[in-house]
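Next, two complexes with chain A in common: one pairs it with chain B, the other with chain C.
Let's turn to the complex of A and B:
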């Protein structure tokens, strides 16, 4: 195995060497960084040309200059990686160092959302194959495949940001919207759950009425201007989470798991006010992580307490439920910050921004304001990226699950008399995840380089912006740095995917074939 | 739950019956005929095929075309270089060049059904936007086909050679493929597009095609690796067939499904790549027109003159969506495991046939 990894790494470095050599020369011969200066009438032009030639070593021909560049990269092994200098005589490394976190912030949440949403919908469509929901989702995913992201972005800016901000000035939902949304959610849910005609109508009625009541309530209380959940609603949602997670994780007949998940909800309720105090007085990322760790710890203890035998699944259920309940608690805190945040001069009651990554006018210092500011700036890009990329996950998880459901071991599992939940979640879903995992890994790497357009549309300053700048100003070192990072990530992700595949699927042996 | 289980049991007992229905349907047909039948039955794909063929005819016949020394006149009365005056009649307060296209009949208070002078409106300097969108769509469709053909040919050849000969040829070709794969498509496209974009859209498409074959070549290689071990290849070899004959006459026809499906997906990706590059300013450049370029030029006027933004986008989506659906239909048609849903009608007709036989 170790030998295999080393052999692969060797091949990878050769590949990276080759492709960087090709790209370096391709980029170097196709443009002259001094072109603008040569035709310039500036009396200092000559001096500038000399200076630029010196910083960028332009007197060395490109194939040789490549090796000078490579020397800087190879110095990375000693801890002093050197990507050379940009045209402005600044270190490329520092430009990259600020750009990479921005891009990751942009891409990370979108990828997670796309994966969770895509796989969920994909599995539902596979379980309801050939239903109307399946056909509708197939159409939607093809539509998403065919959307140019810059086009979607403009639509989102107009309809989600500007119109929503207008709506917040007077947050009354018009009757026609309430009706439309209620009918739509009724149709969607009845299509997902499905059953005979009577049941479909029942589900439709319940969901539509429920949605209508909820929206009316939100509208009457101007909830969108002053959102918040409060301990009671948080508890209600937590109980819902407890049931949902238990159903998916172990099945409701496992009383120990259900009790421990419910216990997590009760603990969250008891700790609601202490948590608020902590949020108010010691707000920082350290606190959030400490609470995450505490949640897992509590889940462990609770799981041990309730389960006499078969403790693993119980602890797992409690931990997942606790994690989700924690997210709801955090969400509640952000909602409480919403109105004060909107009222600041910097935001001025138009909270959803159309461009930029942070609001430069916002005064720093308040943890909740700055974090919420980052989050609202992420809303539009995240939705745009999610829309574009989740279609692939729908198609792929649907196809894989359908294939898995045709396997003999599924028939065996059903023949043994296992219930449908166990067959789907334990036998089918886990095997569906094997090929999906490898795709996810590769996708993550690809997105870092693939967010160029998104960054441009939403005015973020990340890798894509650097890349744009590099191309437009013939900044070879900057271009190569962007390329080197995206390319290394993609080859390493491919290696990780292969290793992961062999780890997850014992039939595949890495290193043979 | 219980209900679900019984329905499963039912399906298993009916398996034999279903097989009989399928066998009956494909009796005496060649592989090609079966594939064609399946494709024709795919409603989405057939609709998309009609749409895309209609669209291509519509778009390419709209404007004057220069083919060599000949000039074929188009049916639309404006070209991309004409500069008619900006009209303001019928527009909202303070706007000029709004679309004259109207679907609302006169008795409902509209302008009556008709195209009018400028159905898609006019751009900043008064050029007819319908003509511009047509030109842009021509460019996009052309780029799509050029990339599809070049990428498809290269990918098939490289994958076929690599999978058939194996050994060091395979190793070298696949490492070369890895070279190209490591460079993200948009980066290659930008570098290439930035420097060759001004040479015209044909060149741009050609160079993009040179980098677009990697995924296909891997697929074809995989297909060749399995097919070359099959008995019919051994039989051909024993009969004294040359390598070339085995590749082209025996293996390639069996791999054609994978290739066609993959090329359609390549094409739908290509149209998005072209529009994205033009949007970034690295693709088709200013005097020429492309759908991506139009969107990029007029995205800021969305709130005031939304038609400048809607029409190019709708054309991109229509083209890409149709190609994607055709690809899906082809995949279903070529997939031997793919089965159509058995309807009640099929069961009944099978029963009547059985009864008539008995």
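Let's turn to the complex of A and C:
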């Protein structure tokens, strides 16, 4: 195994060396870094050309200059890695150091959302194979797959930012929107739940009427300008979560698990006001993590209390339910922040921004304002990236689950008399995840490469922007640094994916051959 | 529940009152005091004076936070900032030309230290190679070693004509510079103030603002080091000046000494690669009074559509747009936004090669070569006659800037005072008379003289054209128009794009080239380097002793009327020899929040922010 890893690493370094040499030389002959200076009529343009030639060593021919660059990289083995300077005198390492967190912030959440959403929908479509919902999602996923991100971004900005901000000035939803949204949600839910014709119409009617009633209520109370859930709604949602989590985790017939999940909802209700006090007076990330830890602790105690035998699944159910309920409580707190945040001079009643990562005018100091500010800046890029990338996960997970469901061991499980939940969640879903893991690992490595277009249209300067800028200004050091990091990460991720695969799937052995 | 009559009346009255109050109550609109400007590149340094940091955003921020003796306005006039100080010629002979710069008393740095003439001395170190060499700070012309003060200003006019070192007056408020002759545009080469006390304190490792007494003592140490050429001290200061200002994150941990300045605004904070916030300088008295803006934010957005949507979402107030027809149409469609057209400092022109570029070893024997005598001249004339200048402006530039016109002078641009006096007498009429068809016919006749079989599309004369990067869509369209139009006059123009084109400007295998010159100042001799036989920008191999003589005579300060006369003579020679023709001034578009008053984009640096003190809502 160790020999295998070393052999792979050896091959990888050869690949890195060869590709970086080719890229360096191609990039060097593709353009002239002195273009702007050559067409300047400044009397001291000559001096500037000289200075830039001096800094970037342009008098050395590119194939040789590559080795000067390589020397700096290889110095990494002695702890003094040197990526050189960008052409505007910045250290490449510091440019990368600001870009990487930006890129991660941009792409990480979107990828997680895409994975969760994509796999969920993929599984539902596989279970409802050839249903209307399946066809609809297949259509939607191919549609999203083929949309160009810059166009999606422009539409999102127009409707979710500019128009939504205009709407907030007078947050009354027009009748036509209420009707449209109600019909749409009715169609979607009746397709997902499915059944005979009568059942479909029943579901459609209930969901459409419910949505219409909810939207009317939200519209009449100007909820979008002053949102909030309050303890009662939080409790209602918590009970819903308790049932949902129990169903997926252990099945509703496990009374101990159900009771403990419900107990978590009750505890959340009891602690609602104390939590608000904590949020108001001691808000920081430490508090949030402490509360998270406390939630897990309480779930543990509650699980022990309710479970007579088989404590693990009960504690797990309580913990997952507690975590989700905590998220809802936090969401409620952010909703309460919405209106004060919107009323600040910096935001001036236009809370959804179209560009940037933070509002430079917002006074620092208020935890909820600054966190909400970061979140609202992430909304549009996250939606855009999720929309175009979750389609892939739908297709992968649908295909894999369908394949797994046809396996002999699934038939055996069913023949054993296991209920459908256990067959799907325990036997089918877990095996579906094996090939998906490979895709995910490679996707995460790709994240660091950034999203050139997305970053550009949302005004985020991450790795993608650096790469683009480096190409356009013929900034070799910067270009090579971005290339080196993304290339190393992606080859390493491929290795990790291979190793993970063999660890997850006992039928595969890495090493010989 | 039944309501009785009076209750109903009371309810009606109450609701009507509430409604009236609600409608009639004046909307409390606080006056905005923030301007958010889109910058296309991020802040990389607070010091735009080094060759690597000389970028638009850096310069704009430095301009907002520093005031000096002069600035360019939107009409390209160099305006004197008399609030800060004055300057006058004190001696004017052929070999001894002296100018005295005096700082007005009472001007303050943002840390409260009074500004004096001593603060003007650093400029000399940044501009004079001789001083740098004499003080042991390194030779700025060396190709390997960076000088201690890595300034971008060496080898300019100042460097070539300064004599000795600036002298301080006895009250220390004035500095006198001595030049070897009366240089043209000498107003441009005056010193600027630098907070030298802050540099000294930083060189000594301090990271807190000093008291006024400490600061003045630190300044005295600088003056002493300057006068005695104390290499060790100056090198330390040079390191601070060249490197320490290269920061892009600014917060309360930043050394406050880096932020000491005398402009209307002070850099307050900066988030790397995202934005820079400047706040009003409470001690500002070095320039015109500001009009109510308290905060200026630079936000970095490189995408045109993103900036347009940010404008529509009221996230930004000012955006200098991408000058393309689509982008301008998009900006104009936004409600509450005014689009200001105009031009920037660059102008596109077409050149024809007549000989080997200066400094090259190969020779030029193409169709346009001066060595082929009358034939070369006829073909050059034909090439320029058939060049579709009007069509280019009409199809590519008018959609962006509806007031765009074909430029007809090589030395001046439309909007400059002398332009209308020059166009006409300069002989451009040869290339403007009649319609393009007629000119193309004349061109074809000229070609036929030497290639009797030439006709439209015959491609008798092969011409290799150099132009911009192939992915520059406007240049690509221009090249396509040129190819089509010149085919009608019997030319076969090879318009294959060239990557890294600017490195080929002195490549003698190209017969013609079109590109843009982008001057950063308006000077009497600004065009000299392009046409002088040994000029650094003479890529055409053009060598005309008569022209050299005229250009040489421009190198001393002349009255405006004489300058115009010389320009006319020079352009007549160039037009007659068919060397070069101007095409258009590059268009610019600035979209501004309609409530913001006073934005007047200027063609020269610092184009957008030059009059920040006039801005208000």
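Quick notes
Throughout what follows, the second predicted complex is superposed on the first by the 505 of 513 C-alpha atoms of A that agree within 3 Å, B and C clash if a C-alpha of one lies under 4 Å from a C-alpha of the other, contacts with A are read in each partner's own complex, and residues count from 1 in each chain.
To be clear about the criterion, a residue touches a chain if its C-beta (ideal position, glycine included) is under 8 Å from a C-beta of that chain, and two chains touch if they have at least 3 such contacts.
Treat the numbers as computed from the prediction; the structure is a model and nothing was measured.
By the touch criterion stated above, A:47 is placed in contact with chain C alone, chain B being left untouched. Of the two partner chains placed around the shared chain by superposition, neither chain B nor chain C is touched by A:273.
Contact with both chain B and chain C is seen for A:158 once the two complexes are overlaid on the shared chain. In the superposed pair of complexes, A:358 makes contact with chain C only, with no contact to chain B.
Within the superposed three-chain model, A:483 lies in touch with chain B and out of touch with chain C [touch as defined at top]. When the shared chain is aligned, chain B and chain C each come close enough to touch A:150.
When the two complexes are overlaid on their common chain A, residue A:458 makes contact with chain C while staying clear of chain B.
Once chain A of one complex is fitted onto chain A of the other, the partner contacts of A:18 are limited to chain B, with no touch recorded for chain C.
Contacts of A:419 after superposition: chain B is touched, whereas chain C is not reached. In the superposition on chain A, the residues of chain A contacting both chain B and chain C are 30-31, 150, 154, 158, 162, 456.
Against chain B, the residues of chain A that register as touching in their complex are 11, 14-16, 18-19, 22-23, 26-27, 30-31, 130, 138-139, 142-143, 145-151, 154, 158, 162, 414, 419-421, 446, 449-450, 452-453, 456, 467-468, 471-472, 479, 482-483, 486-487, 490-491. In the complex of the two chains, the chain A residues touching chain C come out as 29-32, 34-36, 38-48, 50-55, 59, 85, 87-90, 98-99, 102, 150, 154, 157-158, 161-162, 165, 345, 348, 350, 352-358, 360-361, 456-459, 461, 465, 474. Against chain A, in their complex, chain B makes its touches with residues 1, 4-5, 8, 44, 175, 178-184, 186-187, 190-191, 194-195, 268, 272, 275-276, 279-280, 282, 292, 295-296, 299, 302-303, 309, 313, 316-317, 320-321, 324-325, 328, 341.
Note for the complex: chain C touches chain A at residues 30, 34, 36, 42, 44-45, 50-55, 140-144, 146, 150, 152-157, 159, 246, 248-249, 269, 271-275, 277, 295, 297, 299-303, 305-307, 309-310, 312-315, 469, 499-503, 505, 515-521, 526-527, 529-530, 536-537.
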